[in-house]
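Two complexes follow with chain A in common, the first pairing it with chain B and the second with chain C.
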Partner chain A sequence: MIELYVLMGLMIAGAIIAIEVKNLLSAVVAVGVIGLALSIIFLLLKAPDVALTQIVVEIVAVILLIRATLHREIAQKSCGHRPFGALMGILFLGLAVIAAIVTFASGLNPFGEPLMTVSQFYPVNAISGTGATNVVSSIILDYRAYDTLGEATVLFTAVIGVLTVMRSVGKKKEEDLQENNE
Partner chain B sequence: MNAYMPYILCMILFCIGVYAILAKRNIIKIILGVVIAEYAVNLFLVLVAYKAGGRSAIFSETEVILPGAMVDPLPHALVLTSIVIGLATTAFLIALAIRLYGKYGTFDITRMRELRG
Partner chain C sequence: MSKEHDRGMSIIVKTVTRLTVGLILLYGIYIILHGHLTPGGGFAGGVIVALSFINLDLAFGGSISAKIFSKGSTAVVEALGAVMFLSLALIGMKYGGFFDNFLHPDGNAGQLVSAGIIPLENIAISLKVSAGLFGIFLTLIVLQKFESEKK
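Then we have the complex of A and B:
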């Protein structure tokens, strides 16, 4: 699994560049690199459905982020740090290390040996139960279809939220009202 | 310790994301931190599901594939949901950032606080 470590190293390097680089557009492109490396890692970890979704989502997210950073003269200007936040970040890092040690010591399954106690049900019963040869799609569309319904609800709520925040109709009406008052 | 090495790398990635959220003043950098932390969590769940030498959770007509030889399909299904929801929240954050830029003319969150009336 040396390629997994190489790609994860690429992800960490991309993350550090994305956080520390001055130009916002470069930071967005670095996040694109992270997402595409993550997609290849999903392929290596035998999750092709997740890899496909990750590629699509990554491209859409990068397009949206470029929309936010393009044509902004401030994109070149770096804003610096919050000292208190950096202190809290270092504190969080210490807490994360402690939590990781506790979790590894108390029986997280080692890499490459999944627990498969509950989820063994799905591969065994997927064909006879749902007729789907792809176990992942049998889970998201049959066994846990309510999860997918909730996902669609969250997605459309977010779309409505974005449209509400980005619309310019309300602003125009306000200006009309001010003109009428004057 | 080698058995936990991918988990540790994944945790480093998550810590980088959280550091960006806590320590950066530029709102775009904060959004990038949220995105990176989200990627790290998704990656962790798929790492936990991986079985050494396992196959994808897809059956075949021409080949006999035993259910015991597959990777864990349940985290894959849940991560699929999580990725799409992550995109939705990211899009909402970006919309708020664009709107804040239109109002204050800056991405710096500390200056937004000073400008609040």
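Then we have the complex of A and C:
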């Protein structure tokens, strides 16, 4: 388990660097470190499906972030002293720590325990029930296909949103050009 | 040297991309088609397919892959994937319920042609994800760059 703690420490360090560093490119690289460490953690916890998806989506996200931030002037705002915000942050953190101590005082169960009825059902019945040897695939596309439909709808909405917003900008610029010509 | 050669990254990156981009595309298709046998599936494979097109754009600069796979056709392919996924779910209504695995008796577990409609659903999701992500990349980055170059 020691490697898990090392990777988690790496992720926390990457998050802090991503927030604190001034250079935007360095911040994006630090975010990439978080995603890579998370992917290795998924692999160590024996979830190769999630690890594959995580590393691939992280690559796309880092490419998009680098291309969107590089060579582009983004207004840098320096936030001044906010005593009220800092106070609320400390209060929230303190309450979270107290709640965690109260909850975990009696000790935690070991990882993956107790097994629930559903998680006992899938490994036994998935291969004979659906014919797919990848049990994760049989769950997300057969037993729980409604969830996948929702996920597909989320992506569909995101793409429609991006296409719509960007198209309206292009149209307006063309109209402006025509007005200028007239 | 034509003007096309000046765009994009150095000649080393271009040569390596020319050699590897087909393998990346093939690996994505492998992940999609074996989604019901090995780790991976429609989502991860679709993102890898989109990444192979993005890789071409990044290395060669400009609109190389926009010529192969234009913004209009990404929208068409994405809608096609969504319609395919939903129609598979609706055909199941005839056999027993929404998302019923009506093709299940075909093939044995562990073979490429098995698991009923799960591989077909993987293909539908991969069409959606690859076209959707590449469409976002095109609109956010490549076409924006053309706008700023026109000015």
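Assume the second predicted complex is superposed on the first by the 140 of 182 C-alpha atoms of A that agree within 3 Å, B and C clash if a C-alpha of one lies under 4 Å from a C-alpha of the other, contacts with A are read in each partner's own complex, and residues count from 1 in each chain.
One rule holds for everything that comes next: contacts are C-beta pairs under 8 Å (C-beta built on N, C-alpha and C of every residue); 3 or more make two chains touch, one makes a residue touch a chain.
Please read all numbers here as calculations on a predicted model, not as lab measurements.
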When chain B and chain C are modelled together on chain A, clash or fit: fit
First, second, both or neither for A:N23, with chain B first and chain C second: neither
Contacts of A:F104 with chain B and chain C, given as first, second, both or neither: first
Broader residue contact with chain A after superposition on the shared chain, chain B or chain C: B
Which of chain B and chain C A:A145 touches, first, second, both or neither: second
Touching partner for A:T130 - first (chain B), second (chain C), both, neither: second
Partner chain in contact with A:D49 - chain B first, chain C second, else both or neither: both
Partner chain(s) touched by A:V60 [first = chain B, second = chain C, both, neither]: both
Minimum distance between Cα atoms of chain B and chain C in the superposition (Å): 7
Footprint overlap on chain A, where chain B in one structure and chain C in the other make contact: 48-49, 53, 57, 60, 64, 67-68, 127, 133-134, 136, 140, 148, 155, 158-159, 162, 166
Residues of chain C that touch chain A when the two form their complex: 31, 35-44, 47-48, 50-51, 54, 58, 71, 75, 78, 82, 85-86, 89, 98-99, 101, 104, 107-110, 114-118, 121-122, 125, 128-129, 132-133, 135-137, 139-141, 143-144, 147
Residue numbers on chain A that touch chain C, as the complex places them: 48-49, 51-53, 56-57, 59-60, 63-64, 67-68, 127-128, 130-134, 136-138, 140-142, 145-146, 148-149, 152, 155-156, 158-159, 162-163, 166, 170, 173
Residues of chain A defined as touching chain B within the complex: 1, 4-5, 8-9, 11-12, 15-16, 18-19, 24, 27-28, 31, 34-35, 38, 41-42, 45-50, 53-54, 57, 60-61, 64-65, 67-69, 72, 74, 78-82, 85-86, 88-89, 92-93, 96, 100, 104, 108-116, 118-120, 122-124, 126-127, 133-136, 139-140, 144, 147-148, 150-151, 154-155, 157-159, 161-162, 165-166
Complex contact set, residues of chain B against chain A: 3-20, 22-26, 28-29, 31-33, 35-36, 39, 42-43, 46-52, 54-61, 67-68, 70-81, 83-92, 94-99, 101, 106-108, 110
